[in-house]
Structures are given as C-alpha cells and as structure tokens.
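Following are the structures in question.
First chain A sits with chain B, and in the next complex the same chain sits with chain C.
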Partner chain A sequence: MKLSLTTTALALVLGLAAPALADIKIGATVSETGPASFLGDPEAKTLKLLVEEINAAGGVNGEKLQLVIYDDGGDPNKARTFATRLVEDDEVVAVIGGTTTGTSMAVIPVFEDAEVPFISLAGAIEIIDPVKSYTFKTPHTDRMACAKIFEDMKKNGITKIGMISGSDGFGASMHKQCQAIVGDYGIEVLADETYGPTDADMTPQLTNIKGKEGIQAVLNPGFGQGPAIVTRNYAQLAVGLPLYQSHGVASDGFIELAGAEAAEGVRLPGTALLVAKLLPESDPQRAVVTAYKDAYEKATGKPVSTFGGYAHDALRILVDALKRAGSAEPSDIRDAIEATKGLVGTTGTVTMTAEDHLGLDLSAFRMLQIEKGGWKIVE
Partner chain B sequence: MPELLQFLLSGITVGAVYALVALGFTIIYNASDVVNFAQGEFVMLGGMITFFAHAAGLPLPLAALIAIIVTAGIGVALNKLAIEPARGAPVVSLIIITIGASIFIRGATQLVFDKQLHRFPAFSGDQPILIGGATILPQSLWVIAGALAVFVCLWLFFTRTLIGRAVLATANNRIAAQLVGINTNYVMTLSFAMSAAIGALAGVLVTPMTLTGYDVGLALALKGFAAAMLGGMGNPKGALVGGLLLGVLEAMTAGYISSQYKDAAAFVVILAVLFAMPQGLFGRKSTDRV
Partner chain C sequence: MRLSSKVTTLLILAAVIAIAPVFFPSSYYFRVGSLIFVNGLAVTGLVILIGYAGQISLGHAGFAGIGAYACALAPVHLGLHPAFAALLGAALSAGIAFLVGRPILRLKGYYLAVASLGFGILVSMVLSNEAQLTGGPDGMAVPELGLRGALKAIGIDLSNTEFWYAFSGFVLVLGAWLALNLHHSPTGRALRALHGSEVAARTVGVDVAHYKLVAFVLSAVYASVSGSLLALQNKFITPDVAGFMHSIEMVTMTVLGGAGSVLGAILGAAILTTLPQVLTIFQEYEQLMLGLVMMLVMIFMREGLLPSITRRIRGRGE
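Entry: the complex of A and B
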C-alpha cells in the first residue's frame, strides 16, 4: 500500500514535470538596469514579447519556448555568474545577450567551454573576430558604420575631414575602427579631437576643427548626450560643413535632444527599423520591421529602438535555427545558426558562414539625413 | 583672437555650471562639515522633475518652481530620515550616508521617471549671441547670472543674517550653539532644504545645455566637488571662483593643448593648488583647539 502510494506520487511528480522538460529552454543575460539600461531594457522587453508571441502561435517544432532571463546590470562580473548559472543550473540550449561589449566578452569563455550557442547583442567586432565556434552576434560592427559613412563622403567628393570622438567605450572603439579604414577611401583626417562622455560644452574642440584649413566635413563617433551637445555647438558656431553622426545616436530621441533646428542636415547610418514607414513597398525588410515596430509599440507603449531590434533578430535567428535543426541539442543549433541564409531581420538580411558569424553587409545600413525634425533616406 | 575668446566663453559657460553645483555644497558643509555627495542628484532631480512637469503641460516657470520645491522637500526628507537618526556618528559616516542616498535617489528616479536623456527648451531661444567673432548661447548667460545670484544670496545669508550665522555656529560647535539657544535640528533641516533647492535651480538652468537623465548627477557632483575644493570648501566665493577657474582651465587645455588631456590638466592644477594651500584658494584656516 505504502509502496504503491509512493509510486503514484512519483508518477504524479514525473507526470507534472514531463511537459516542462519538453520545453525548449533558452537563456538570456541582458542589462535591464544600470548604465546600459537604455539598451538592455528594450532588449528584455522584446525577448519576453516575442517568446510570448511564438508560444501563442504554437511554439517551435511543437514545443513551447521557455525564456530564462537575468538582469546583469551592465556588470561583466554579474554577467559571468549568470552565464554559469544558465549553463549549469538552468541547462539552457542557447543564450541571447550580452547587452554591452564588456558583458559579452566576459561570458563568451563560459559558453565556448560549455559548447552552448551564444548570440551577442553588442557592437564590437572583437566578439566575432576572430571567429569563435559557438559565438554569434546581431548588431553591425562599428567598422561597417565607418565604411558606410566614408562611402557616402566619397560619393560627395569629400576627401578631408575632421573627427571629434567621445572618449567613452563606444566613441573610442569607433574612432579606432574609422582610423583603421579611412585611408582605403582616400580620405584624410586633418583634425582629431575628443571629448568626455559627460562634458557640457564642445565649442573649443569644434573651434579648432573649424579653424583647420581644407576640412570638408566633420564626423562625430559618439553615444549618449555627447553627440547631441556636439550638434548644438556645431550649429552655435555656424561651422557650415556637413556633419556626420554615428549609428550610436540613430534614434528619434537624438533629434529631440539636439533640437530639430540644430540637427537639420545631419547625416548618419541607421537601420531600416528607424525609418520603417519610409521604406518602399518593395523593400524586403519593410514587412519585418513594421510588424515588430507595431507589436512592440502596442505592447509597451514606448517607441521602438534599434537595440530592441538586435534582440528581435537574435531570437529570430535562434528560432529559425531550431526549426531547421529539428532538434534542441546545442551543437545542432550551433550548426544551424551558422547555416542561416537570407533571414530578413530588423538590422538587415543575415547570411552566416563558418568565417562570418555576423552575416550582415553594408546594405544593412541606410544613409539617413535629418530634415525638418524627421528622417529622409538618401541613397 | 576669436579662438581665444571662444575658448574663454566656453570655459565660463562650463565654469558657471560647475560653480552652481559647487555653491550647493557650501551650505550643508557649513552647517555640518558633511560633504553631501547627493548634491549631484539634487541637480539631476531639478532637471528631471522640470522636464516631466513641463511635458505634462505645465508652463516652464511653474514646472521649474515645482521641481525646486519638490527637491527641497527631498532634501528635508534626506536629513530627517537618514542624517538626523545618525546624529552621533562621525562625519565620515554621514558622508557615506549621503553616497548611499545618492545611489538610492538615482535608482528611484529610474523607476519613477525613465532611463532616457531629456532636454527642455532654452529660456530665451537658441540664437547664439556674437561677441567679437565668438559665440555664446543665451542659456549660458542664464547660467552665469544664476551662479552670480546664488553667490550673492549665499554671501548675504552667511554674513548678514542671524540664521546664516546660526548655521556657521552649528558647524563650529554644535553643543555650544545649542547652549546659546540655536535650534540645531532646525538649522540642519534648513540647510538641507536650501542646498537641495540650489541644486535643483542649477538643474533647471543647465538642462537646456547639458541635457538631463537619471545618471547625470554623479559627473556633475564630481566636477562641482572639485571646483569647491579648489576654491575652498564652504566659502561661496571659493565655489564661484573655483568653478569658473576649473571651466576655463578645461577649455584652454582642450583648445590649445589637446582635448585628450582636458580633465587631466584640470586635476593636475587642483592637486598643485591643494599641495600649496590645503584649504583651497579661499578656504578658512582650520585651527583645532585642544
């Protein structure tokens, strides 16, 4: 009697646990709070929203997705702890995350050792170069943004430029990448200034750039409030040359911060997501970005951001790979992700290879110009 | 020549921001010897509350007034809830409490408002004013005027009013001050309210230029603190001169040497000054009686 009771109880427990085991468990560690929260917050919201959507539509391969999400607060140490927990305790089959380059680089060794596929949401080229077998990423690299800008400059006959870069991680990294390839486009950097990420005024640096003979355009790799202040100071000093900003400030918020008047004519490389409504009907990305934008804005009541788009693409890549692999074994998923082909996301059309774990080309960026407080595609 | 003038105007603009923040440090320091590291958060709150009140449809002056009053209230709450209960604690503990308060206020702002950067329109437009080939924004003049006005008020407060002297007396010797009939609890509460209000005023004035967001307070407080140390902690004149000096130093370094060394040059000068004059340029001599 006692034995049968135990068996029944055991069977009951197993019975209850069984469906949970059949779920596909995926992990995420993003910076929902802390200094990178304006990146991590939309990423977390996007992941939760999309997983819900996918499960409501029947899940993947007939199984529900289960999302285990941690908030690392932008701290690489915490991210590493969560990465270990995801692998050892939660036993997830794949991980999305690493909001910043710092947190991504910290967790990569954990996932490489455990052989769990990891799709990073951070910008730096170091994440996928050199290629690591289980590491992928969705955002384009700084180098691609530089290339896009220099291409546009070349098209407009600009050969001599001034640079004013933020001294924060983003500004410094992009500055380095731009310097590395600027020569390939026959462009010369005549003035190279920097500013601190929290500086209140950049007119001295801009005065020096303005005073340099022969400069035809100015490039400002930066992030956060710096580029908005640079743009305002640029208008204040009436520099009168084309001003290029980076993809780091490609958002409606930037126009608001810099003021429509000061931002008039500023050019920057942005993603299709930012100009969803302006894309021609024939654009393959139009349907994808509009669907995501509408769903996100309806669910959160906040405007969609490029950063949430990175998470959107990461999850799409993962789901696509799960479907093609037809299994939830980490190594099968890895192989399937590497074979991703022609997947249309918000940042571009992704085609990965064994040598390219990003899979985007320059067409992923749209050259945008700010006109009357709105965006215009200039290509 | 226009370059030099532009650097100078930039330096004065930035310096006035630092001076305004530095002035906020003086009152609490004078009342209790505590360096209030939540001062930057008061500046941030001034900007954030004004932005959200303005975005909710209130006219800018009213939004600014609300921000200053609410922030002063938060200053009082900080004193009543965190500083007063720890009255017997040494100054260092109180300073650490203010650091904790600053982290708390930053986190709460993140939750109550949001994590984005914000700006509200400048008070008198964005049309730059031309001075001898260099330009300055009208908002910079507001900041400079604000710093001067706060300085004059504080100077009058500490030298001409009874309550101002009571503040100084409380800092000097709390027990003696109580013996001569000064309500030291009231003095502390008042000094937190005033410091917070000055911080919020600074936030209102500088936000159209520097933008605001939940995490801008720390950087502002750091520069304001450096300015106050340079000028002499606790002296309104020191805060004003220290702030302007720091701003001009940074602008000149960025303009003539290299923008890379801007902060470094400023801090080297501060170190040099503090080596020679540990009390800062205008600091009171500390004489310990035993």
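Entry: the complex of A and C
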C-alpha cells in the first residue's frame, strides 16, 4: 500500500524544472498539436526561429532570451495548467500564446492575478475588450475584418447580401460581429445560412441563397475546409455574384483546396505578409514582411502563414518593450508594451494606448482578390 | 488491531493529500494536484459503474459538461449562488441519467458503449451550437465561488491554487468515503452480484434493471460535481469539458488504475493527469504513449495497476 504514496510523490516531483538562469525568461503556450495545429504549429516554429535569431545577434539588453514553450493541444484546461506552470514554476517575465480564443480566455485570469504581461494570438475582441491591464493581442479582431469587407461592398454599390457561416468557433464569432455592424454600412442581410465544420457539401444552403431575390453578393465567414467547399459549390452552381471570404482562409492553401478556377474572383481581407512580393517599394511593411517570410521559409521549408506572423509580431512587440523598459520586471514590461508606438509588424503598424491593447486599424488589412491562382491587391 | 480496508483507503488518501504539499517546490504543483482530485472524483463515480456494476459508459464527460455549464449559466440566468448552481447541475445530471439510463442500460457490451458515447457527443454538440446561451466553442466565464474570500475573513488566507487543492481534495475524500460505504452496503452487494452474473443475480431476487440505474445515476452525479469543480476552479469553461476525448480519458484512468478499487482508480487519475506535464517535450507522442501504457496494463495486469501490484506483493509475502 505504501507504493501508491511513493508513486504519486515521485510523479509530482518528476516535473521539477531546471533552476533559473540569468537570462531573460519568456514563456509561450500554443496549440502545436490538436484541432488548432494549423495555427499553432507555425506560431511555435516562428517563436523558436526568432528567439534563436535574436540570441545570435547578441540578445536583448545584453542578455540572452530563453523561451519556455508548451503545447496545450488546443485544450483550454491544459492551457490553464501550463499558464500556471509558466508563472509559478518557470517564473517567466512575459508570455506569448493562447492560439485560440478559448485557450486565451482560459489563461487570462492566471496572468492578471500574477501580474505578468500576456500577448494573445487569438482573434476574438473579448480578449482586449474590456481592456485588461496585463493582456494584449496581435491579430486583427473579427469585427475589423467585417468592417473591411463591408467597406469594400459599399464602395462597389452592394447593399443586399447573403451570408453562409461555419458553426465552428471562428465562423460563429465572426458571424456575430458582422451582424452587429452590418447596419452601419447600409447593408441588409437577406439570407443567413450555416454549415457544420465537417460538412462535405453546402449546395443546399447556397441554392437557398441563390433563390433569394435581390442579393448582390455573398459573404462566407469561416475557416478550415468549409470555405473551400463553399467556393467550389458556388462555382458549380454558377451563382454569378461576387463571393467574399474571410481573413480566416487568407493563405495559399485555400486557393489549392478550392481550385484556382473556382476561386477566381474571390475577395478577402488579408495581411501584407500574404502578398509580400506584390507590395510597392514605398510600403513601410515591405522590409519587415519580406525578411520574416524569407527567414521562415528558409528555416522550415514551408510557406509562411498569417498565423506565424501573429507570433512574429507578438515577439517583436515584447522585445521592443524589453529594450525600452531596460529591465525585465513584468510590470515595467507591461508599461512599455502599452507605450508601443509605430512598431511595424506583419499584420500592420502597432500603436498601443491605455484604451487600445491591440493597436491596429483597418489600414492593416489589404483587400485581396484571387486571380489566376494568385493574389492581387485591389485598393 | 486490524483496520478495515475502507478506513485504510481513506487514511491513505487523506494522508497523501495532506502531506504531499510539503514536497511542492512551487504553487504550480497545487494546480496539478487539484486537477488530479477533480479527475479522481469523476473516476470514483466510474468505479461504481464499471468496477462495482460492470457496466461501461463512454459518455460521462456529458455529465461533467452539464455540471460545468450549470455553474456558468445558473448564476447568470437564475441568480443562483455558484454552490447551489453546482447542486442544481448534479440534480439535473441525476435526472437526465435517470431518463437516459432506463432505455440504454437494457443494452449490453458494445451496444451500451455506443449508446452512451452517442449521449456524450449529443451534450457536447448542444453546448457548441447553442452559442447564444453557452457562448459556443469559444466558451464562457464562470463566476467566483466566493468560499476563498469567506475563509480569508475568518483568518485562513490561501492562494487561489492552494485553496482549490484543499477544497477539491476535501471533496474527493468525501466522494471516496461515500463510494466505499456503498461498496459494503446491500446496494453494493447487489451491484457486485449483477457484475458477476446477471442471471444469477436475478435468480436470487436482485432487481437488475433498478440497480444498474442506481449505479448509472450515482456515477453521473460524481461526473457532474467534478465538472462543476473544474469550471469553478478555472473560472472559464468551453465545450471541450464534455468532449469525446474527456470521456475516454475518464474510462482510461479508471481501467488503468483498477476499476474495482477506489484508490486504484484515483492512482490512475493521478498518473494520467501528471504524465502530460512530465512529458511536455513528447506532446506529439502523448496519445501514442497513453495507448501503449493502456495496452501493456490490459495484457499484463488485467485488473488494473493497483490491484495487480498489491496482489503480487501479498503473494510474495505468503
């Protein structure tokens, strides 16, 4: 019977971490595996790559960065345990992570309690609204993507649209945000359909939309394979109206999945990273996105993704703050992050304030159109 | 004087919970401990269902989901205190288990497994899709239990992780005590009789359908309370708590440690909760390792870790 005691005690002590070094210790909890791995994997690779790069160039303030990274598998409960571990056991000075909205929201209370700055990589507006003192984030909110799309529609004289949304976390959240602001642009939603994240055919929903009188364009908030299937079905049904996709599928993989022919003419808001080569010389983001894209593709042999870009920006913001703060005290780092001004990242130019812990505006988004299997900037 | 096995089990459990913190290098270990206790509670419920009554369920995370979301929703919509919300969740789980259990417990073996699996998936789908009520896949916030503040007022100042370690540890000992009492009660004997042979049990006058239902409802309440504790501790909940993987984890923990023994099943929960923390560098292979451990235990220690090991130690002594 003694055995269980020894085993339990041993199992608990085995997790003992190495003693702290004099380096600046930063933490990360991302979803490298699990359903959100297509987001978390490039994020983890980016963080490891950039930390190596920064250390090779002499570190920050003369000290090396040490990255403690955990894989939460997309499970909010696990993310929370790792967050506690980062704060209490690894004693990091700042944390990047929370690949999904669920994992981010689950870990925020830990960092707010411990007063350790946290930069989230997830989309939802709830993360920074209302503003929490130690919580920041880098990706655009879904609401900004909606606004960008509606602005483009308004410019093209579109006033009546149909929506077909995925019922996964991303699709549901963006659907809600789009519905909340669509009225401000004088646009009316005449048809509102949904599909499940694993559905293989959206023809019935699209037939419904096609049958509605007066619709001028269709919007599809969602990510993963859903939007690709919608795009293919849309071409098969020959709906013949402009199709808008979300920033959730802003990747070359989407064109491949939907097929260049079906995706022809699809519009979506994307970041500068996706069209690095197409940016004019005068664009302030050109140098940053090209450098990151080249480094990432050289190191991993895989095409760069918007999601890795979020992690890139988070680390840049953190390093910039460390330099300006000149100390590795969590509260000093927090103040410095909040004072971030004009920092050029892959998603846009970041200027934070006490009321805005995201620091991006609509100009960060580029309206893109798919042409002959490639991207074109339309603005 | 020789202590009964019930008292021994409870003493060991309480002693481990009380002494372990002496060895904790940081308060992160309190968090891991409290997760072990929360899982241990759900697993204790499954000992009643799997170990005592010999029935299987692959859908118990559904009840954990009901308990968890009761704590998130009832305080907002009904104005209940979170503690009462947890009780409401337990009552709701018991009611649903009663209604669902009647038809599905007529099934045996694979059919029972698949029917219970379907129930669990149904609950998780409702939680994901009723976004206006549950916040959808992004989850929702859970209010503070408030007990920690009350303890502080009477002079016991615990950190958040320390409080949840102590509180869930206390609930686990309570749950284990009830389960052990049940084992030695007439109901427990009836359950074990129908586990041995349903036909024989029926012949000696055991109402088989009734006792199966009793075991199912009790285990649902355990799962529900464990879900509530998790929600209150995390103060945030997503539909993952009711997910398929969580159901499988619960059953794996029970069978790994030893479905027939409360202490064994809790040991199973401890191992499977700690393993991912120890193996962070092997995260990609976690499922692989779990599968391997499970297969080895099934092949070499069919009763589960603890019963097999104690038997071997006793065998050597004789």
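One rule holds in what follows: the second predicted complex is superposed on the first by the 358 of 379 C-alpha atoms of A that agree within 3 Å, B and C clash if a C-alpha of one lies under 4 Å from a C-alpha of the other, contacts with A are read in each partner's own complex, and residues count from 1 in each chain.
Basically, a residue touches a chain if its C-beta (ideal position, glycine included) is under 8 Å from a C-beta of that chain, and two chains touch if they have at least 3 such contacts.
Fair warning: this is a prediction, and the values are worked out from it, not measured in the lab.
Trainee: Tell me which partner A:167 touches in the superposition: chain B (first), chain C (second), both or neither.
Mentor: A:167 contacts both chain B and chain C.
Trainee: May I ask you to decide whether A:33 touches chain B, chain C, both, or neither, giving the answer as first, second, both or neither?
Mentor: After superposing on A, A:33 lies in contact with both chain B and chain C.
Trainee: For A:229, using the defined touch cut-off, is the partner it touches chain B, chain C, both, or neither? Pick first, second, both or neither.
Mentor: In the superposition, A:229 touches chain B alone.
Trainee: Check whether A:138 is in contact with chain B, with chain C, with both or with neither, and answer first, second, both or neither.
Mentor: neither
Trainee: Now for A:271: first (chain B), second (chain C), both, or neither, which partner does it touch?
Mentor: In the superposed model, A:271 contacts neither chain B nor chain C.
Trainee: Looking at the overlay, does A:203 come into contact with chain B only (first), chain C only (second), both, or neither?
Mentor: The first partner, chain B, only.
Trainee: Would you check which partner chain A:70 touches, where first means chain B only, second means chain C only, and both and neither mean what they say?
Mentor: Touch status of A:70: second partner only.
Trainee: Counting residues of chain A touched by each partner, does chain B or chain C come out ahead?
Mentor: C
Trainee: Taking the superposition as given, does A:89 touch the first partner, chain B, the second, chain C, both, or neither?
Mentor: second
Trainee: Residues of chain A that sit at the chain B interface in one complex and at the chain C interface in the other, please.
Mentor: On chain A, the overlap between the chain B and chain C contacts is residues 33, 167.
Trainee: In the complex of these two chains, what residues of chain A are touching chain B?
Mentor: So the residues of chain A in touch with chain B come to 33, 35, 37-38, 41, 167, 193-196, 198-201, 203-205, 207-208, 211, 224-225, 228-229, 232, 235-238, 253, 256-257, 259, 261-262.
Trainee: Help me check something: in the complex, which residues belonging to chain B touch chain A?
Mentor: 3, 6-7, 9-11, 13-14, 17, 110, 115-119, 126, 128, 135, 137, 206, 209-211, 213, 215-216, 219-220, 251-252, 254-255, 259-260, 262-263
Trainee: Which part of chain A faces chain C closely enough to touch in the complex?
Mentor: Residues 1, 3-5, 7-9, 11-16, 32-33, 70-71, 73, 75-78, 80-81, 84-85, 87-89, 100-102, 105-106, 109, 113, 124, 126, 167-169, 172-173, 176.
Trainee: Would you pull the chain C residues touching chain A in the complex into a rising list?
Mentor: 8, 12, 15-16, 20, 23-29, 31-33, 35, 128-129, 131, 136-139, 141, 160-161, 230, 234-238, 240-241, 263, 267, 270-271, 274-278, 280, 283-284, 286, 306, 309-310, 313
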